[in-house]
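Some structures are shown below for you to check.
Next, two complexes with chain A in common: one pairs it with chain B, the other with chain C.
Right after this comes the complex of A and B.
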């Protein structure tokens, strides 16, 4: 019994003395939902934070605060001086980088985000065309909480596979991988809207180029297998088989709902290097102009081959563009590394080889259904 | 480390003097009428209801008025004795038309018999006395089990009479193998209790252990089986009961038929069933009456309810105090807005509300049934709404607390339900101090504690630890009947087979 008494006293003391942890009571902290980084004056870091504060009047308001300091933590201190509640970053959902920051180097930002335990690995990263503070400080007519709005915008588009996913986890994974470069969505303010306008390509931590948003579908099927997503393409005259050319049309817009796509990469020549890319896509035909008889199997076959041709052309084009800026966002380097023994690949080495890489794209496009949809 | 009950030790050191004194004084009955009546008067402290009645020429009847059945006394004893003359006590024996008559020459036995409702018939000049037990059995009529009600199944519960309860069990189990051992506990109350088990199913070792434990109990008085349970179970200091208290004869018999042992105490409507595993406290007898899919659903529901009940409020406290990161974004605004007016930290808020709910429960349990219901409704609605409007709690917490209180009432065993409600409080406190780490610590602590417990030497967390795959078929998930044809090994049954798993209608399967 005596021994137990000592344990009880110890337990009591421990719970009293160790119970002095810093508390973060939900309604007494300011929740940062979004942070944007810009380059400030004299190369300082300019931070724009969207902070949600809860007021006792049952109304929550959103503050957008821009501060400038030498470090991002310094900026937090500075922002704290302007708010009635302690700033916390545990509920941060999106981190935006201004174009200028992205063209510099993101290494520091990715690192410091990863190191902070209260930052979720599921937050989205994106690049802003122009300055983030300009995008965030604007008073939108229909948007109440800009932080939540941008998060929902990105989440919706990424979940529906309209845009490549760019969570911190994935970005950090690709960033530290030897044979792959990172890519992030680009967002932009269009008058009273915030819009996804493209995909930023990176070489290491530096943004080097951008693809228009229309190309994100190609990017997605080229990067990985995927399961959903509508895409629209315009078949130019030369791709359309003559059987379908009833009238004198110059082009044929078609819309598909891809059900499943599967990518297989094969290294055929390690010296060049040369890759065979095989894509199998199964899709539903949603819309086609002008009216063609989709009940005819021959027509469908013609359409399938036309789309295949068109897709491989587009894919080759995008890869060529990424090659010109040495940004391997598709992860060819990783296949190279896993296929070649003792390659001792480094990012720099791969970038040199990537410039001269050759690919042969083969697309097998299959229309599963047409007619009644959704 | 084993704890021993402190009072046991003390009693062993200082035995009761009076009891010994009575034993030493007189052993035999005096052969003279006056001496004998005086002796009886002295030993029983001459109670007001002691009747000493002479029947000429040489008989004396002694009995306690409130203990004997008047009608039997008149019709079967006095009438028979008045018209005859008896030389010896042995001659009385065949005359009395009652089922059981004894002759004793020992005072102690005579007194015990007198206090159990016997009439003493003394023939003048003999050192022997005829004992005719005609006790008046007064008990409440059988009623539905109030605390363990069920929808499908028998609607009869034990009452406070030992003989009625045993007759109920004998009607369920008509078998010569149903063993009934009578034991006495309590130096002053001499409470009789019955140890019941099925010979051929129950493990002899367990029967011996339990009998030994009951015999070793050295107490003054025993008024209820719940007290006995606390004295004979494996770890008295644990809040978790290691033996089941039930007021359902069918549950009791189900236990006996599965090799468990049962104890029924005179004067108590709750019977003890042991050994029992932790999960069995959350199983209802009704589960056996339902189809396995429905029974499995009900059991899963109850197990979810335990976790909800124990951890929901602590998680609220932990998340709002320390880990605002884990709150889903959709809940963020409603949660923080509902808490915006509350002036207290979440721990205090939660403890306050839990305390109010406990107060309501306690008030409802203590008040008469009619008022109790009103208290529940009035208290729940009025206090709940008022507390939110006054801004001392958030309405989301109100939902959580109400939910966990509701969940704790789904436990079929009331004693276990109490424990579930009780252990919530330290966890809320520790969640307020240390957040989720604290909750995890408390969970581990409880788990380790449960692992260390045993029920009559059988592992408490069986069949999960030690893992017994076959017994898991009828624990949280109930398998269809052909899979549960064997008795659980928890009770170490002498005979494992319960029934033949072959279907009765083989052509169909």
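Right after this comes the complex of A and C.
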């Protein structure tokens, strides 16, 4: 026993010393839940941080602080000088980029977020139409904590598959991929609301174009296989089979709930390059013109083919738009890379090829069921 | 044979425990970030490199055990003395002791670096190394059976980490692996060589062999253990290759830990913090075994007591950890050590087996001719 006494003493000393590291007590820190980046007027980066200060006795306090500095860490220092509590970023959930920043280059921001071990890979990224400070500084009537609100807004829409997912991991993943570009949701203040208004398309780290929010469904089914998601479309007259046309309506709005969609990409000609896109969608009919008899299998069949035709047209349209700005958000390039041996693909090379890419969209749309009333 | 060793059965271990010893000696800090190193050479075919490296461990282990079997109950140090004579043999022994020392140091320093980067940036290096070294001294003073016990528990208690690799699979793209075998064979082999730093540790059988009770079962357990390690490395590599995109894996220093950073539970926001702290349990047998291996050698070269050796050894390592501070220095040590380890662990045992077999043939011929006369 005597032999071990010295070890016990040392172990005891060590166990006391363990308490000597820096502590972060919840009452004494300000939790940054959201950060927005803008282009500064004098210095390079203008940062708006939403800081939540937990107060055990009173209601928690939310502060929105805008600072300008050369680096984002410098901004953190500056913000610290205005707060009674130490700023921590471990609870950061959303990072927003002002439109101008996004049109510049996001490479720097993505890398600095990845570098910091206390930043979670699961935080959401989005682009703000206009300035982030304007969006965040506004005093909303019904929103207490703007940071938490935007996080919930994005989480809800992404989880329910209404909007493309844009976690830091996915953005960084696509950014560092040779054959894919990144896309992020766009948010905007509409009077007293914060709203998702579209999808930003990037070429490398630069935002080059935007798609309206209505197209996000097409974007989703084109990007990946997924489950659930409501979409509505208006079938123009030429798409509707004459058998369905009892009245002389010119167009017919329909709404569906896609239960499952599966995308398969196949490279048919590496030289052009040309792709076959096959989409299989199983859906539930939600809303349709009352004159249409959904009990009739023939009618359903006609409707299916009409929607298929309409979908492939819309999909070709959004792909064409992304081609015109050389932003391959669908990952065609990765399929190219993985099916062509020794392609030595680089992002620049793929962007050049992407311009001339041809696709043949084939949609197989299947209506599984409708509601409880025919 | 004069330098062979005899122990009382009390000091010996069962062959089935060799499985735990070998596996726990192999898995350590290398697994945190080996993906990037191998990826730099073999790109998306890195998983083939892992397989080749795993195969190489089997071949080398076969040679090691063969050598040991020829000498019956002796360890590498004794074999060196037998084969090369006292002076040259001890020279090789000193090299091997130094190798164990550097391996010990490198595991310790890498783990401290991970803690400092991820969890406590302000915590001093000396404090962490002192804490860990004291625990290791404590385990070491318990003798081999305690160290083997640590190995056993380190594996048993860490098994739950393996299913955690299922979480990142949600974001896995299998397309990232295609087209397979696009890299040429030399790049893949180079990647396999880069695995050396990660996959070493099984050389411990050369030292522990005399302590095993039922020696005929050693072979089976060692190979089973090596297979288990290779499978784990392969799984981690495949998950990483599909989870990260090309450019991102190249820039991620500790790809395995970053894999974990995506996992979060309602009661635990950041899983990798737990994983990193838990990793201490995984590197503990690593450190203990290297220290013990170094001690076995030192005892052969100079007559030194365990207590004295462990304090000198710890002090040297402790001082060394304070001098190596920056990431670039640590990286340099890892690459250099990986290179040296490749020759000591993967090349040398094969040469040794060759020499031993030659010598055996030679001496048996001589004996035969002596008998005739």
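One rule holds in what follows: the second predicted complex is superposed on the first by the 362 of 374 C-alpha atoms of A that agree within 3 Å, B and C clash if a C-alpha of one lies under 4 Å from a C-alpha of the other, contacts with A are read in each partner's own complex, and residues count from 1 in each chain.
Note that contacts are C-beta pairs under 8 Å (C-beta built on N, C-alpha and C of every residue); 3 or more make two chains touch, one makes a residue touch a chain.
Note that this is a predicted model, so its numbers are computed, not measured.
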| item | value |
| --- | --- |
| Chain C versus chain B, contacts on chain A by residue | C |
| Contacts of A:335 with chain B and chain C, given as first, second, both or neither | second |
| Partner chain in contact with A:151 - chain B first, chain C second, else both or neither | first |
| First (chain B), second (chain C), both or neither touched by A:120 | both |
| Touching partner for A:172 - first (chain B), second (chain C), both, neither | second |
| First, second, both or neither for A:316, with chain B first and chain C second | neither |
| Contacts of A:90 with chain B and chain C, given as first, second, both or neither | both |
| Set of chain A residues, in rising order, touched by both chain B and chain C | 4, 18, 21, 90-91, 120 |
| Residue ranges of chain C touching chain A (in the complex, touch as defined) | 117-118, 120, 122-123, 127, 130-131, 134-135, 137-138, 141, 171, 173, 175-179, 182, 243-248, 250-252, 258, 261-262, 264, 269-270 |
| Chain A residues within the chain B interface of the complex | 4, 15, 18-19, 21, 23-27, 29, 31, 52, 54-56, 58, 60, 88, 90-91, 93, 118, 120, 148, 151 |
| Residues of chain A touching chain C in the complex | 3-4, 7, 10-11, 14, 17-18, 20-22, 90-91, 114, 117, 120-122, 169-170, 172-178, 180, 334-335, 338-342 |
| Residues of chain B touching chain A in the complex | 1, 319-325, 327, 329, 332-333, 335-337, 339-342, 345-346, 430, 433-435 |
